[in-house]
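Structures incoming, each one as structure tokens.
Common to both upcoming complexes is chain A, partnered first by chain B, then by chain C.
Moving on to the complex of A and B:
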């Protein structure tokens, strides 16, 4: 059969039409689409039964309660825990990525020893044990120990070991709890300051970043949530006073701009107005305090703090009008403040009748030590690591022969960080118990990997900022990596090897003893429940007027511009650096590539002759950082806001080399009266780069 | 074009006066929906984020300045501009609940939908997702991982919707009449400030039904008539004004 041209074209047209009406091309396209997306290097989902375990975060400073979702034995999500008093259905931007942090590239996977050429070599635990025992024995009491865990019973073990070695040099990393403890001592009170935010109808946060990072922040925010029905008038007023319109100011009903480091003067200005309006308090030194407050007239406070006088008066009026007002003083970046500003804040609460009152300030009971020879919490908080480092630097104290760090990263987190690293270099032997290879680990001779909070049994006892005494356990929910060891049992065994008797055999015994001391039921704690106590310490504290008078004197900061560090939990902490899942939350004009952006308002930029994106150098006698300019009108005049948590020189690709560390610019001073190290009033000069 | 209506319409009411911009919702979203981390996240054009928290400013100089934060998930438009432009029906709005779907294996990566979306809620995988070694163990089993060449977007945690329906069926309840709170997205669940309320916009028993009718509620770029299912609430007039392109002399709702 001959096929003519017409027949051929008909055939082609028929085939084309036929193919088009069949599913063949569509199926092929579909398959091509599917199979070109199905590559072996793309991870597949692994199914399994889901279970949920309640625990508490040891990674997030808010000690947020959380429910961990496991698929099989893999933790895949960290979820809020409605039943935990430090979560109340919320979770922090840091803790929410904790399951992913288990697999962080910065994790230390096995013990590391610094070799002669300065490089790290992996060693066995036996070798690490022998080296640590040898060095600590050789140190013969010339030992210092630094803990970055503020709420755990590990401090009992560490301080006992340090004490039994013949040293009193056990320190906690700086935080807000230390000036608060000094303030309580100066008032002649006892216990830990607690803040009943839930029951307050007017919360004035002076410096304290209560909706982003201060204290038990997720619980603070649960209280904020509870008083704010969607789209309706709030049932409680939140006011924030600070130099930057930060996340707390964004949520607050009112932002009162005051200069960094002038929280105490602002509080005394309020006290002055309250006393003028007839407020009084039943304290032995009321008249001395009234005399001091009398000098803080609105005009003087405006000059010292930069506050608008009318705003100051309005706040005082609103406090008097409120039924259950609460005043919280603190530092915008969670450290570096003196006891005087806490004392001034407590004084305002006392004038408002807010001590041990519902919706006020409370004195919470603190459990005693549970390990032989351990320091009390008050003793621990009385020790000042920055002052110790400064003394070593000045040659007033000898550098110890050995220094042991536990989940602490002083080489990054202390003020004048570069100087602190220099001082650390004077210590002949340094060992660290750490989860991540941080800046301090990079300076150490021995790095001992410890499990993360999700992999170990640990505890949390009444974090600073909590409104009530509480105790709960972090329970191991994930399998521990092969070559890491929990520090509690390890240190107890190490102490035994060194011939010290801590009076406990295991870490679990320590926790059980702490639970008893807190009045908690162990079985209930192990079921994931939280022990909460409503008891308070009965006290009739004084104002601590003498100490306040000495400490409140503000010194002029260096340079023409003030530095206001901005602390945000999403950027991580010194211990975690920026978690891999969190760097997307850093704003466009906070960090670009490796370049830091600092924020200033338009007036300041005009004064400096700079525009957005211009390169500048911010420097003072402590150090200098280079950055680009972002214009943000929520910053006070002559102030530059610098995001904390950047400029890591260790960790992983998510953190290392990004931006600059603002701690380099924070200069240490000492508070008159208490002698406490302070660094909340840094100044700098700014020049175009 | 006619707007598709459903008996059940999942939506959000986000109170911008309660959001403080902490970013917990963004991190929770990534972990729940298996978005890969990226070493340099400062190139915001190429970073994959189903939910972004934007910063709003009243543009006044210090000290009159005010700030607000706006979390932006997919707005799940009633009349989705992305659906009508997709040449392969990889995205559609036809399921009870009114969630705009995104079928990854069907997507050919033409990015018409991205061009059409007025909210920049869609993201294209320029690169294959890479997790640091071992971190793939923390992937949830609920959401498939998307490869290079595919567009993705917020699904209102659709897998949670399926689970809630399965649970309702197992308990003998009507899966089309879920109670308030039976199904919530990961971002709404995580928010410590309770700024995000999620529920059925058509069900008077759900809080979001009433919030969407608040005098302070309005939608992003409302006058495009995309009829979105995400409502924003603010008592601040300047915040509501920034939700659409209002002229200076125009009056804003609320």
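Moving on to the complex of A and C:
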């Protein structure tokens, strides 16, 4: 029986009609759509019982307490910890990303050595040990060590090793703690400045971005929230003075616009008005201070800072009226400020009777070193890494034969970043202990992978900004990857190989000694509890008027426009770069694709003849960045707000090549009197691209 | 003109050659067989549980209940399947003569390895299903389900089986054939009466996270 064309077509029609009443097309379509959702790289949930471990973030500069939810031994979520004084039910956008960052593609998985052709090759730990020991021994004391951990006892170990090698070049990465320590020293005081925000009824933050990035920010937010019970009148007033209406200004009751870097002058303007209203303080150099403050009349302060005179007077009046006022000075981007600015802020607190008073400024006790030959905290904070690098650049200091970095990324994070990378290149041997392959690691000869805070035993002692002395442990909650080693034990063993006796056998011994020095109970700490002390240092500090007079900035920044860097924790730090999921939290007009947006107000844009989205070049003698314009009326006239944390040239696809690094534009200057390096007052010229 | 026949030269009429609509119906039947019988055979592969497990022995022989193994944890999350550790509470040593039990002890209990049980109704990660919210207590506010009846609304009743059912895995999606589709959830979620009493609306984010 032959099948002709017509018969075949009829058959095909029958098949077609039949298929339509079978599951084939519909099921295939449905399954294909499901198939497209199941790519192998999509992470899947882990089944199992949840357990929770209290610990503290070593990644977030706020040192926020957190509870890690584990399924088996896998951390799956970071949650707030109601019982931790630095969390109080809150969590930072950086800490919350930690569980995910354990799996970051930028993690260093094994020791790396730079080969002769410049490429990295993976080596064994034995080879790495031998190379590091050989180079440090050969350096014969020509060694510098830089730590990016401001609160940990690792600094005792690192500074002891550096000291025993015959070098005094141990440095902490720049932060707000250093000018604060200089200020305390200039006042003849002792201890660490603490800020009792919880008990204050009027908080004036001058430059300090207290609700976004300054100090113990999550605890600051908890204090802010506690004073604002739902449906009731706020129990405290928050005022922010700074060049940009940032998140602190947005939350505060009042925003007082002042130019970037003029926080000290603003505080002295307040001091002038307080003294005029009869405020005084029992300090030896009160009259010298009063004379200095007398020159900061509202008119002069208005000229220096750009503040509205009436607003300045209103703030001074409100401070006098408040029962427990607190003044916090700082930098909007957490670094680069001088000691004079802090001294001016402390002076206002002293005039308000706020020193060691509930809801005021406190001098908190600091534990001494627990490793033989380690620096004291005051000594560590007295060292200025930027100044050291500048001296090397100027030929005033010799580049060391070896430089060791611990969780520090100076090649990205220092002001004039490109210049700093050039200076680093002069150091013949560089090694870094790091979790991520950052910009500094890319310059090093040896990269040693260390575990993340969630994978190691570590500690946090009274972070700057805290209102009370405290000590807690970061406990290992996740298994450590196979080829990483905790730095504490490693450096103690390395020192032993180099013939140095640090007086401790293990890293845990160091932590136990620190716990004892802080007056904390080790077992309780290991249970996840926090040791908190309400004690303060009794002192009768002076105003440091002499130092203040020399250091207070009365000159405007160079260039026609001021740069106001904006620091947001969600964008990450120099150590972390942008946590992958946090890319979603970067706003549309902060970063668009790979292009940076900078913010300026309408008046500035008109003056420049630019509109939103126009491409501009912001440049000064330190460097230049290109960006597009966003119009935001919460920026002062003639000021450009630039988001920090972008423009990475290392890490992974989630950070690399996105935007520009504002640190390129921040020019280092030196404060008269203290000699401290400062970079909080950068100017620039702007041109259309 | 004589050559221009519209009909075949042999004189048979068209209806008689292929039965008129016959090819159409042949095609139709072929497609139906292909679609309803051959296609499912091709789409799903058959798998068996890694360990032969008898619910009957455990329920009738050992007097256990469903919730002895399938229970809610204290935090409200659902334990789902027992761990090797919990099985080892009884099976640290063989309790019977069954060679499968001996194999289970040797391969899993002695090594601490978890059994990769095949879950017939495992939902994808983008669906958040809480057993706690669908408990007997909550459903029996209106219904009068026994535990078995309630569980059987979604799961096959295996309480009296000696052998676990065959697991059919979709070769394309890798999900079980019995994975619940959304329309089955909507039997309750899209029911206005349910919404009134349970406040579980049919909104996307009730289930999808």
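One rule holds for everything that comes next: the second predicted complex is superposed on the first by the 642 of 689 C-alpha atoms of A that agree within 3 Å, B and C clash if a C-alpha of one lies under 4 Å from a C-alpha of the other, contacts with A are read in each partner's own complex, and residues count from 1 in each chain.
Convention: contacts are C-beta pairs under 8 Å (C-beta built on N, C-alpha and C of every residue); 3 or more make two chains touch, one makes a residue touch a chain.
From a predicted model like this one, the values you see are computed outputs, not experimental measurements.
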Touched partner set for A:96, first chain B, second chain C, both or neither: first
Contacts of A:654 with chain B and chain C, given as first, second, both or neither: first
Partner chain in contact with A:636 - chain B first, chain C second, else both or neither: first
Touching partner for A:55 - first (chain B), second (chain C), both, neither: neither
First, second, both or neither for A:337, with chain B first and chain C second: neither
Touching partner for A:47 - first (chain B), second (chain C), both, neither: both
Chain A residues touched - chain C or chain B, whichever exceeds: B
Partner chain(s) touched by A:34 [first = chain B, second = chain C, both, neither]: both
Touched partner set for A:14, first chain B, second chain C, both or neither: second
Intersection of the chain A residues that touch chain B with those that touch chain C: 34, 37-38, 42, 44-45, 47
Of all residues in chain B, those that touch chain A in their complex: 13, 15, 17-24, 26-28, 30-32, 34, 37-42, 44, 47, 49, 53, 55, 57, 59-63, 65-69, 88, 104-108, 128-129, 131-147, 149-150, 189-194, 197, 207, 211, 214-217, 233-235
Residues of chain A that touch chain C when the two form their complex: 3-4, 6-8, 10-19, 21-24, 27-28, 31-32, 34-35, 37-38, 42, 44-45, 47, 49-50
Partner chain B, residues of chain A touching it in the complex: 29-30, 33-34, 36-39, 41-48, 69, 71, 74-80, 89-93, 96-97, 99-100, 102-105, 211-212, 217-218, 221-222, 224-225, 228, 230-231, 233, 245, 247-251, 257, 308, 568-570, 579-588, 591-593, 601-603, 632-637, 652-654
Contacting residues of chain C [partner chain A, same complex]: 14, 17-18, 21-32, 34-36, 39-40, 43, 73, 75, 77, 79-80, 124-126, 170, 172-175
